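Each of the next two complexes has chain A plus one other chain: chain B in the first, chain C in the second.
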Partner chain A sequence: MALKIWRYDAVKGERALEEYEVDAPDWATLLDVLDIVKDRHDGTLAYRKSCRMMICGSCGMRMDGAAVLACKTRMVDIAESGHVPVISAMGNMPIVKDLVVDMNPFWGKIRAVQPWLEPGYSDPGEKEHIVSQERMDTIHKESLCIMCGCCVSECNSMEADPDFLGPAALAKGMRFVGDARDRATVERLQSYSEEHGIWDCTRCYFCQERCPKGVDPRDAIAKLGAEAMREGIDSDMGARHAKWFVTSAKTTGWLRETELVPKTQGIAKSMKEVTFAMGLLKHGKVPPPFPPHVAKHVDEARALYDIVKQEGAQGAAGIVQSEHALARLEFVHESGAEERDPYGPDSFPEPLPPGEGAGQ
Partner chain B sequence: MEVMHDVVVVGAGCAGMRAAIEAFDAGADVAMISKIHPVRSHSGAAEGGINAALGNASEDDPEKHAFDTVKGSDYLGDQDAIEILCQEAPDDVYQLEHWGAVFSRTPDGRIAQRPFGAAGEPRTAYAADITGHVLIHVLYEQVLKRDIPTYEEYFAWKLVVDDGRCQGVIAWDLLRGGLQSIGAKTVILATGGAGRLYTGTTNAYACTGDGMAMALRAGVALKDMEMMQFHPTTLAPTGVLITEGCRGEGAYLLNAKAERFLVRYAPNAMELASRDVISRAEQTEIDEGRGLNGNVMLDLRHLGAERILERLHGTRELSMTFAGVDPIYEPIPVRPGAHYHMGGVDTDVWGQTSLPGLYAAGEVACVSVHGANRLGGNALMETITYGKRVGRHASEWALANTTVEVPAAVEADAERELKALLDRTAGERPWQIRDELAETMHVNFGVFRREEQMLEQGAIVQSLRERYESVVVEDKGEVFNSDLTQALELGFLLELAECMVVSGIARKESRGAHARPYDYPNRDDEKYLRHTLVTWKDGAVQLDWKPVTMTKWQPQERTY
Partner chain C sequence: MKTVAYYKGCLASLSAKELDTSTQALAPKVGLELVELEAVTCCGAGDIHEAEPDYYLHLNARILAYAEATGADTLMTVCNVCTLNLRQANHALRGDAALLARVNDNLVSVGAPPYSGGVEVMHFLWLISVGEGYELLKGAAHKGLKGLKIAPFYGCQILRPSKLLGFEDPDKPESLERIIAACGGEAIDYPAKIKCCGFPIIQAREDVALAELIQPIEQAKEAGADAMVTPCPLCHLSLDAWQSKLRKQTGKDFQMPVLHLSQLIGVAAGLDSSELKFKRHVVSVEPVTERLAI
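The block that comes next holds the complex of A and B.
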């Protein structure tokens, strides 16, 4: 198969796209192909690797512009299609050499969320904490994170604001906020709600899309936001913005945009936007604020609000999450999907009871 | 010498980080050196669990755990070391839980425990099937909390020995290039195993036996090096691990005729017999033509989707990615693969080696807790309990002793040796030697061993070592030169292979992982209830023996 690799020479500061043609077995992953290139074609090629089984997180890189774990990416289909993939280093981190990036900024942000349990006692007692499995499950997805950096590589907010904490660090934060044993929830939420924190996420969902482990970092950030608001930590513009959406939908059944700006930014700040708003108004882009326009079917919006309230889901529990972790590895039990019989005619035979069968 | 610490830990997996945490808490200035970032360490790939007699799933006690371990070791384990492990294990697991480890839970909210191979009780505490991942992250969290300095992506290459003491490490800085000597009053090796000696291995690319080889070169003895465990359930072709937790949850092993063939090998324990027994049974089935493309089948279908998704989701992900099989609907094709080195650096129960100031903990060490065969779930436990003990002893020693000296001549020698390697421009690149070594070890020093094959392997390793003498590193750069470090790793592996072959030929019996069905099919307690011990003298291996420590258990016939 053929592939192109963006090489980078740190000493000379030169980049070059080089193409390689290699013989690879059917089972080869991207990592196996890189190994073949390094062994047989060019020993100077640099990339990180270790476990080759999707758990150490070393081999994050980009293929055709999207972050992948090289060891998880099977190449046979790509090779057969004739497509020549372009391999490059992850984004949002400085390149050290070829496919190796400097992960120090990444680890710095992990440190910034104080990623250790604050159990709030000095004497832990002789045995374990009693915690139900159900309660542990609330941080299941977050604890799957292998810190490969794929989410950070793809993060649009971080591209605009390099100081943004980012999806990996915030998911790590949620791992503690959601932990029944942690006693620093409020302090954590206050700190994560500051500038460059929870509310600076643009909800582009690239992190969620590209995470190779099903951590769903954007869901984690949404859960942090919900937990923060439950604790009354809502002074950030992002939180006020979200709150106004709810109020607005409940009262009028749609978004009262004219009030959104002052509600989010505060009266004083939004005064600066008056000229801009007047301009919009002149072109008929803003409905007059008074009297508020009420949607025809506002009852439906209110009913929806009531249903959510009645469910009683508070904080993170109220966040509707995307697919269950790892469910994206297709599991056919959806309605309409044909039930597959593990012991059907085309399956491996059912085990014989021990002792039955021809033996030797 | 540019920098100095009281204690330097080489390797930052579970054993290394646990040792560093203990040394820090004892008040020592401790630093870790690791060729990969701590959370990348291969402890994180441990899946099934960690053994401690918590008694959460049944009546259990440390003595039962100890007996199972002694029997599992085929009586080659040192019983004092085993008793310490089993006694201290429960508190060490509670400690991990207090630090925040995300263990799976029983219905009453305690740490859940599952049955595991050759264990008399359900004793294996677990976090679904990602226990190692959960532990490595909780230990890293505690390292961050203490702000323990780490030389990340530094490749430890040589131990500094001066005045009859280990006084530091010389390492290559992968990111920036250049050798750096790091002085230390005590050095703890926690570099893991050497599974990369084999083609089919569960081990990461990083598992190249660095610490064992560095110790060997410093004149320290390696113990029981012939004892390489083959895990019964690994995926073709490269050996990706499928956890024993599958069988703990009730999975069957079937041959091509859908027979649960273990009835002929371990009629009582069946799929939960010890790993050596099951690997031999599988290999026999495959060799005698009852396999399926060189595999047997691991059948999880009867466990049902819910249980698989809840407790074995990582296994499902691995088998779908690497074998194209969804275990909810199809059995997983598996075969034995090199997994764990019971042998390693000879230490006492505080991790001390024969060289003052040098310690070892975890897979690199041979205390010996595992003897001739390790029980699933005992490796993670050893990293924690012995990591803690070794960290404590090494820091106490360091705090009581003051001077460190890295002689300039030692640094100069290392610089010269490295320059000679990098200056060489004509010759063979290392990868072919590496591949030949791994392929031949798999064939000649695998699950079953024949005298003539071991002798042949000895000759092969000799010739590969000669070829290695003139090996060429293509990358001459300073920045992230993995071509260089991979060449150095191969040098480590070649010496270890020689140690293994010499030890294997000398042990003329079948015990645990060392199976010689063709010439010595039985265990011979009279002659071989003792450890092999190898040292490196004048470019060759010297063999010696060491008695096994017995406390309360006399050898018995071992059946499952």
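The block that comes next holds the complex of A and C.
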């Protein structure tokens, strides 16, 4: 088969698109093909690899502009179609050589979310603190991350704001916010809600599309947003923007567009937008707030709000996901695996003391 | 004629009325009879989903229920964000009988109809880019676009996540290109056509949003586009209305006309200016209308 590879020499700053023609078996993955190129055609080709079975996260790269794990990508269909794929390094990270990127910015962001358990005690005691499997299953998706960088490579917000924590780090953050044993939930949510955090996400869903492990990072970011707002950590403009949609729906039914700007940005900041707003006003893009555009039977939407405030699953537990997690919290409760609601008013339960865990 | 329940969403009801009038005028020409939903609310735009997840689910279930009550099997949207929010809720409700039962109890208790799961949420683009709708469209677009170079801009939430949307290849979509060709225009290709316009964070993180927004407009301009077309009124609002901010920030004055999908087809189908409502655009569409002598 034929493939083209973007070669890059960081020392010379030279970039070139090289084409290779290789003999590869039907079962070959992109990683196998790269191995053949390196072994038989050009030993100077640089790329990362290790496990070749989708678990080490080393071989993230782009094929035809889309981030993939090379070891997960079978080539036979592409070869048979006659298409010549273009292989390049991942995006949003500096290229070191050829297909190797500098992952230091990536690791810096992972570290910034404190990817370790904060159990709230210094002496772990003599026995394990056991959490039910069902409870752990609720953060199963976030736990699947192999930190390959494919999501980060494609993140539109990070392209625009290199300081954005990004999908991998925030999904890792949710993995700990959702962990029943963690005691730093509020601190985490406050930290993740700062500038370059949760509310920087532009919901382009590239991370969700590209993740080779089904982590669904955008869903994880939505869960963090929902948890932050449930905890009342909602002063960021992104959170205020979201709250105005709720207010609109339960008052007039439709978004009250014109009031969205001052409600999000505050009166002082939005006053600076007057010239811009006047430009839009000329073209009917600033609908007058009075009389409000009220949906028919809006009383139903108002009454539903009162009902869901009583009974609804709030916070991360309510987020509808592209792919269901292995377990949902309500199933955990039905199974009796855990008596207390870890997302309820008492927040997370204490870890089981020694001697009281399952199987004792 | 296929009868569909028509969900306008917030923007087409207010700041993007031109999307509604052109869609309503075009629909019968492409074989669609629209039954407009009146007793419905905002879908939440992803914001209510995050702020009050259960409320999001109930509001969308209520929209689906009212659509089902019309007797139609299809709920037609004209906005990417409405499409994803409604399809996501539909996916959740159809896949979980206990959830559907609880939500239905609540809908009925407030006087709304219950939802049985029988509605498919489809964007207008999807209904007219294939099959019978597409054949009718080819006939309806009799006035053509005189080879005008059009940059298709998809936006995000009509392509991704493909697990919930899945109409076409999210990396190589071609529905807009097919429609542009059917209307007698020339679709130009550029990498950012599937990327984000920045709209969801344009108020909370304007600088980040503008750095996203400039990419498609700049690339479309460089590729020689006479105009852009988008199936999403939120993309339209940022591409059209926020161009002046890009000029202020970067000094680049693109003057790129941006058309709603229904307007682009509407021009080729000879819709009246009172239905196209180009005066409601911030960036003038005159370069396009002059070329086409309309």
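Definition applied: the second predicted complex is superposed on the first by the 308 of 360 C-alpha atoms of A that agree within 3 Å, B and C clash if a C-alpha of one lies under 4 Å from a C-alpha of the other, contacts with A are read in each partner's own complex, and residues count from 1 in each chain.
By definition in this document, a contact is a pair of C-beta atoms (placed from the backbone, for glycine too) under 8 Å apart; a residue touches a chain by one contact, two chains touch by 3 or more.
Here the structure is a predicted model, which means the values were calculated and not measured.
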Partner chain in contact with A:225 - chain B first, chain C second, else both or neither: second
Partner chain(s) touched by A:11 [first = chain B, second = chain C, both, neither]: first
Partner chain in contact with A:117 - chain B first, chain C second, else both or neither: first
Partner chain(s) touched by A:96 [first = chain B, second = chain C, both, neither]: first
First, second, both or neither for A:43, with chain B first and chain C second: first
First (chain B), second (chain C), both or neither touched by A:253: second
Chain B - residues contacting chain A, complex: 36-37, 39-42, 44-45, 93-94, 97-100, 102-105, 107-112, 127, 130, 132-134, 137, 141-142, 144-145, 175, 204-206, 237-238, 240-241, 252, 254, 257-260, 262-264, 267, 270, 288, 297, 299, 301-302, 305, 309, 313-314, 316-318, 320-322, 328-331, 429, 431, 473-475, 477-483
Residue numbers on chain A that touch chain B, as the complex places them: 10-11, 25, 27, 38-40, 42-44, 46-58, 72, 74, 96-98, 100, 102-103, 107, 110-111, 115-117, 119, 124, 126-133, 136, 139-140, 143-144, 146-147, 176, 179, 181-182, 325-326, 329, 331, 333, 340, 342-343, 347-360
Parts of chain C lying in touch with chain A, wherever the complex brings them together: 10-11, 13-15, 17, 38-42, 44-59, 62, 88-89, 91-92, 95, 102, 106-107, 109-112, 156-157, 159-164, 170-171, 191, 195-196, 198, 200-201, 203-205, 207-212, 237, 241, 244-245, 279-282
Touching residues on chain A, where the partner in the complex is chain C: 64-66, 156-157, 159-161, 164, 199-206, 208-209, 216, 218, 222, 225-226, 229, 236-246, 248-250, 253-255, 257, 260-261, 264-265, 276, 279-280, 283-287, 293, 295-301, 303-305, 307-308, 311-315, 317-320, 322-324
